[in-house]
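Given below, in the form of structure tokens, are the structures.
In the two complexes that follow, chain A is the common piece, with chain B as its partner first and chain C second.
Showing the complex of A and B:
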């Protein structure tokens, strides 16, 4: 895989004249994205704003975002990887079987037209959502799109960026990356970080029942994860820190109400382009911040003697 | 009870209203209504034998849940669209294929109409302990 060729959203605003949204529905899920960054704002090198940009939406259904796009390409479910690899072939003028393309729900002419437009762009930006990364193919789909963006740079400037979901999920990735070297699925039980998605990732740990306690911060797995993972959370000591009582709070042993970050607690949030933004709270909260609670728990844990495994032979010798 | 069982592709999505209600609180009737209502193409509704506003039972490999169903003209034929939430957790696959990411969209499910007195969102996870 060719890594991520990316940029800031400011560059998209000021430079991008060709935007592709793939497997995402920003009109519903990121309602300010079009108006603040990607479609309607006038930029330094896009002085006409929306008129100076071409927007393409690729998805399996006609979502409200289709109205905002100039071109809507509706493909069949789970055919993203096939379409992306076809596009990678077409940009290199390789021969493609029209019958194979037809199985994706699109025609070769549609894809060739897209490639021609992409090559004519001055600055192309591709944004992808969970429709690409959470369907069959998963990271291979994302990798194919990232590769397409990287390979487009042989012809013109192209960048690619995931449309991240809830607030500051990018921050969790970035902080884990610069502290451990890995973005998620990190195991620190040996005293050094080990990374193995599928083994150390949250859903897998919970579904297999490998962990015997859970500390949930700013998330509600009780409303989003597969049912066996939820049942395991309910069966072990689970501690939840959240400003609201969530589904996870209900199945936890302890819920600690905390102040809302960005509203009544300061902090730093990473935007989806990995730009850190300081948060200035507008209100005061009677509740402690997440950081304060975590620090207090750490201090309390530090006061307890460290647990050491004891060899049974040594124990019996002492006795 | 069962008139017809139809296999469809279920696509879990997010909506703006759902996002607003998450910030209001997930205990609210409006949030529950959103995550307990699925949309499907009018032809699929007919094929299933359900009516818009009626209830259907959705069964995946992993569990089953009842939803209120409504007509969604823009949903492609053969596809169900439903906002993520506690009911969809029962239908979601547990395996991540070594990626850490469960397959959160595109589940093959069976759909059948149910008697209207069955409350939407009622879930019956199938023997999860035995599957572990």
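Showing the complex of A and C:
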């Protein structure tokens, strides 16, 4: 794996002349992305704005974003990995099987044309959405695109960036990364961070029933996770910090209402290019902020004596 | 052993019998017990029931036998010894841990049932046999060694650099693999003899069929080979 070759959205605005959107629908899901960062604005090295950029959309269906793109490539569902792997071979002038390529819904000529255009670009950017990262292959689909972006740098400048959804998910990744060294799926139970997605990631822990308590901050797993995970959340002591009533807060033992960050509480949100943006509250809230609640819980926990193994006599009495 | 962040005595969870020995027998459902046989170098562990994640992880010698199912990361990064699972296994069998460059370096893993995703990911040497089917990405980024599969789902051999994957049923081939020939590899006859000693039979009779050989993965570009059994007629 080649890691993530990325940049800020400011660089995309000022430099990118070839942009690929893969498995996403920014016209509806990130409506300001086209106009503010990626397509229409005039940049320092892209003075013609939209006319100076080529946009490609790769998706399994023709979404409203296709109208904004110069080239629309419609592939068959769950064929992203095959197409990306083929592109990796084509940029290195390797031979691929045209019949197997045709099973992806695209032709070899279409992919060769795309590769030629990518190589001719001065600055290419690839944005990918959940249509890539949450379909069959999941992290390997993302890995294939990250590798393609890294390898394209042998020919021209190329970067990639996930189109993040929901509030401040990038912030969670960034903060976990600079505090533990890993972006998610971190286990701190031994007193030091251990990383193993699939073993320590939230959904896997919940589905297997490995945890006996849950503390949920600014998320609604009760609405998005698989049923076994939701059932386990409902069966254990679950504490939710959220400004509003959610599916998760309904199944929790404790719901602490907190102020809305960015509206009635200050804070920091990370943009999808990992730029921290300070949030100034416009209103006052009678509720405490998430940070205040977490600090108070931490102080209360610190006052309690450390957990000790149960005494042998007590254990046998319980048995 | 560890329970969460606390080190506990083994007899708090299990009834322990017998003397100190290199032969260990675990009876009952150990499906939630992780790291059994981690870093073992000799001796024998028999699990009569299920076993949890990371069984035989980084083991260098000895033997482990499981009568039931095993969870993910079976024999991950092992460098020697033998593991035999009578039931099914999870994903990442003989694989490299996240961020690590090499998976299984040597040894043998035999699974009588099915296995999950990314079997043999980044393995460098050794043998993995899965008599049932495996899910996607078997032999992902493989660097060497041999994987024998009863069947496989998608993207078998993706991004492989070297090594051999033998599949006994027709599978979808990635566009980045090139068809080379249909033949009966001589080395496979010798290999079949070794596998027979492990209780696994693979077809090598030229009258019964032949192997379609594909090379790849051109995305790397790699020199791995996929051998897919094709019965005659």
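Note that the second predicted complex is superposed on the first by the 310 of 319 C-alpha atoms of A that agree within 3 Å, B and C clash if a C-alpha of one lies under 4 Å from a C-alpha of the other, contacts with A are read in each partner's own complex, and residues count from 1 in each chain.
One rule holds for everything that comes next: contacts are C-beta pairs under 8 Å (C-beta built on N, C-alpha and C of every residue); 3 or more make two chains touch, one makes a residue touch a chain.
Nothing here was measured: the structure is a model prediction, and the numbers come from that model.
Visitor: In the superposition on chain A, see if there is space for chain B and chain C together, and answer fit or clash.
Guide: fit
Visitor: Once chain A of both complexes is superposed, is A:65 in touch with chain B (first), chain C (second), both, or neither?
Guide: Neither partner.
Visitor: Let me test your reading of the model: by the given contact rule, A:54 touches which partner, first (chain B), second (chain C), both or neither?
Guide: neither
Visitor: On the A-aligned overlay, A:38 touches which partner chain: chain B = first, chain C = second, or both, or neither?
Guide: It touches nothing on chain B or chain C.
Visitor: Decide which partner touches more residues of chain A, taking chain B and chain C as the two options.
Guide: B
Visitor: Please compute the chain B to chain A to chain C angle from C-alpha centroids in the superposed arrangement, rounded to the nearest 10 degrees.
Guide: Taking the centre of chain A as apex, the angle works out to 80 degrees.
Visitor: Now for A:198: first (chain B), second (chain C), both, or neither, which partner does it touch?
Guide: In the superposed model, A:198 contacts both chain B and chain C.
Visitor: Regarding the shared-chain residue A:228, is it in contact with chain B (first), chain C (second), both, or neither?
Guide: first
Visitor: Between chain B and chain C, whom does A:136 touch in the aligned arrangement: first, second, both, or neither?
Guide: both
Visitor: In the superposed arrangement, which partner chain does A:248 touch: chain B (first), chain C (second), both, or neither?
Guide: So A:248 meets neither chain B nor chain C here.
Visitor: Mind working out whether A:100 is in touch with chain B, chain C, both or neither, as first, second, both or neither?
Guide: So A:100 only meets chain C here.
Visitor: Upon superposition of the two complexes, what minimum C-alpha distance (Å) separates chain B from chain C?
Guide: Closest C-alpha pair between chain B and chain C: 6 Å.
Visitor: In the superposed view, which residues of chain A touch chain B and also chain C?
Guide: After superposing on chain A, chain A residues 136, 197-198, 208 contact both chain B and chain C.
Visitor: Within their complex, state which residues of chain A touch chain B.
Guide: 25, 28-29, 31, 60-63, 74, 77-78, 130-131, 133-136, 138-139, 165, 184-185, 197-198, 201-204, 207-209, 220, 222-231, 244-247
Visitor: Per the contact definition, I'd like the list of chain A residues that touch chain C in the complex.
Guide: 81-82, 85-86, 88-89, 92, 94-97, 100-101, 103-104, 136-137, 140, 189-191, 195-199, 208, 210, 307, 309, 315
Visitor: What does chain B use to touch chain A in their complex?
Guide: Against chain A, chain B makes touches at 9, 11, 13-16, 19, 25-27, 62-63, 74-76, 79, 81, 84-86, 89-90, 92-106, 123, 125, 128, 131-132.
Visitor: Tell me, which parts of chain C touch chain A in their complex?
Guide: 2, 4-6, 8, 12, 32, 53, 72-73, 91-92, 97-99, 136-137, 140, 154-155, 158-159, 173-179, 217-219, 221
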